[in-house]
Amino acid sequence: MNETTADISARKAWMGLMAKAPAARVGALLDGACARPDFKWLRPPEVGSVMVRGRAGGTGAPFNLGEMTVTRCALRLASGEVGHAYIQGRSKADAEAAALIDALMQTGQAATLQTAVLDVLAADRAALTKVRAEKAAATKVDFFTMVRGED
Amino acid sequence: MYVAVKGGERAIENAHAWLAEERRGDPSVPELTIAQIREQLSLSVNRVMAEGSLYDPDLAALAIKQARGDLIEAVFLIRAYRTTLPRFGASAPVATADMACDRRVSATFKDVPGGQVLGPTFDYTHRLLDFKLAAEGETPPAPQREADPAPVPHVTGFLNQEGLIEEAPHDDTPPPDLTREPLKMPADRSLRLQALSRADEGFTLGLAYSTQRGYGRNHAFVGELRIGTVPVEMEIPELGFAIEIGEVTLTECETVNQFTGSKTEPPQFTRGYGLVFGQTERKAISMALVDRALRWEELGEDDTGAPAQDAEFVLYHADNIQATGFLEHIKLPHYVDFQSELELVRKLRRDVQSTQTKEAAE
Amino acid sequence: MNTQVLDGGFADPAPQAARAFRAVMEAMARPGTIHCLSGATPPAPLSVAAAVAILTLCDTDTPVYLAGDMDTPDVRAWIAFHTGAPFSGPATCAFALGRWDDLAPLSAYPIGSADYPDRSATLIVAVDALENSSQNLQGPGIQNTARLSLPEIPAFQANHAHFPCGLDFLFTCDDRIAGLPRSTEVS
């Protein structure tokens, strides 16, 4: 598969969305959109960890902060497309659903899944992020100067 | 003398059964769910994730339930589980400048771009017990206000513009990992930061407090404290590009420390850094103070002999699982060792007595 | 990427890796015994036995050196996908893979130190024949003597002289594997 830059950035976007989706959400949306296709495992789902890194002072040399749980898998559809998933947490079912969608997004069903799954996930996420940001904004301090001392 | 003994299986089994029953407590009281612990004891969950060094709120909640709320025991369970996981790789360093902040305050600059955002803090509560919580009731939703979607820049960036604060230059050296190679001295800053991030909160707090009271004083101000979520991105070899594999809540603290200059550095502000999983601000501030204290050598400061300046002392005693493992093992059977101690004391006493008898006779 | 290299890993990793680990451990613990491995279909020129050993023993913490004609893009991609192991030169590798002549000289590999004799390389050697014949083996794990067809003698005697440091060897031919740890005397 020779992916163009645009293909890659689209694929990065959907894989990232599914990695951060709430438990069982991706599978439920997939089942609402279409029947699951036949596939063969290239790598059955496995739970593991990724070492999360930070940078000293936020911008300096990297250091190991601690690990997070990640589940990954890879599969090939009967029609040949290969789907990969790396998702946060320990749900093998969620990883399977994410890999199926990753593969199906390379088929003629891409437009359907974009609307029925990915756009929904993006909207869910945007709504959650907005509420949190607005609650934070409500705790922003509005200063007003009472007296400015001269000494 | 060596006494081989066997036994205790039934006692141990029964102890486990009673432990399980005590953990459950009075069965007429409803059992806690993992979701309840995750949602309502979230700061305990955060502490277990930070010191267990594994970000997974459900697992941390399970560990807290199993450990009957003993957080160090819960950290122990998480550390043990962590060792069973295959490591898929390491993430790209998280970009905390792009954090979606729930809280962001600076103690040094009132008018920072992005403002002082208090977030869900205990800071201005009155620390009076709220007896309303003893009864069940609905919590009203928190107020909302229109938000600026732009990322909130780091406060230290402003001091950087004037050249008044030491820089943290970009660097991509792969860091050492104390979960793979045993901690060895001297430890560079990236190894120290890893050890401090998973260090015991109480120990780190005590050390940080000691620097404030004068043991290795470094005049720290909280330049910035921020709490929020950042995406975690990792390069996936089979794809040939990096993707986001999740997101984590982090607390980041950057201290600005007064520094009058040394043989090698001009007078300027220096920095201490804390970065910890979850909403864990006491720990992050403590980490930043201790990080700064440990930097005395690279900044050309004097070693005042303060505990917080002694990397070996700090790093070899900061891990509560190592500490509790060694400490608690002394209550386990040491019959053999102690038998020889007993023999030794008896012999010494016999020797002393016989000398005294001899002296008295002379 | 040639997505064919994504095929051929363990279908059921936990039990397959456990069985393979047992076989590799037996091979190493009883030098001269030959064991069968199965469960992987690797790209050529990787043999089934070498591939299963790699799936079982390698991960992101074990740098792998591919010697000679073993170093092909498909072999690299297959090992990277199925184990996550990074690739390195001989001096920093934990495992090396290749034909005997391609792996030489043995002085290029880490043999561990007195403090950490385990920080040494294991060489997975592809051979054309693997039989209980030719060279005599003696040492831990061997009741009296055992026999194994080895590519030569002096190199293994020199390696044994480093004990407790030294290299360990796995010989692979199709789906068969035999071990030769540093503790074994070869004559």
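Note that the chains are named A, B and C in the order they appear, and that numbering of residues resets to 1 at the start of each chain.
The rule is short, and it goes like this: contacts are C-beta pairs under 8 Å (C-beta built on N, C-alpha and C of every residue); 3 or more make two chains touch, one makes a residue touch a chain.
Just so it is clear, the structure is predicted and the values come from calculations on it, not from any experiment.
Fewest steps needed to get from subunit A to subunit C, stepping only to touching chains, is 1. Just to note, of A-B and B-C, the chains joined by more C-beta pairs in contact are A-B. Distance between chain centres (mean CA atoms), subunit B to subunit C: 41 Å.
Put simply, the C-alpha centre of subunit A and that of subunit B have 28 angstrom between them. Annotation for subunit B: residues 86-89, 238 touch two or more other chains. Among the residues of subunit A, those touching two or more other chains are numbered 46, 74. Shared contact sites, meaning residues of subunit C that touch two or more other chains, fall at 1, 6, 81. Against subunit A, the residues of subunit C that register as touching in their complex are 1, 3, 6-7, 9, 11-13, 81-82.
The residues of subunit A lying in touch with subunit C in their complex are 1, 41-44, 46, 74, 76, 82. Considering their complex, residues 86-89, 180, 237-238, 240 of subunit B touch subunit C. Note for the complex: subunit B touches subunit A at residues 49-50, 53-56, 58-59, 82, 85-94, 96-97, 100-103, 110-111, 115-120, 142-149, 154, 156, 168-179, 189-191, 193-194, 197-198, 231-232, 234, 236, 238-239, 241-248, 250, 252, 254, 271, 273, 275, 277. Listed in rising order, the residues of subunit C touching subunit B in the complex are 1, 6, 59-61, 77, 80-81, 84.
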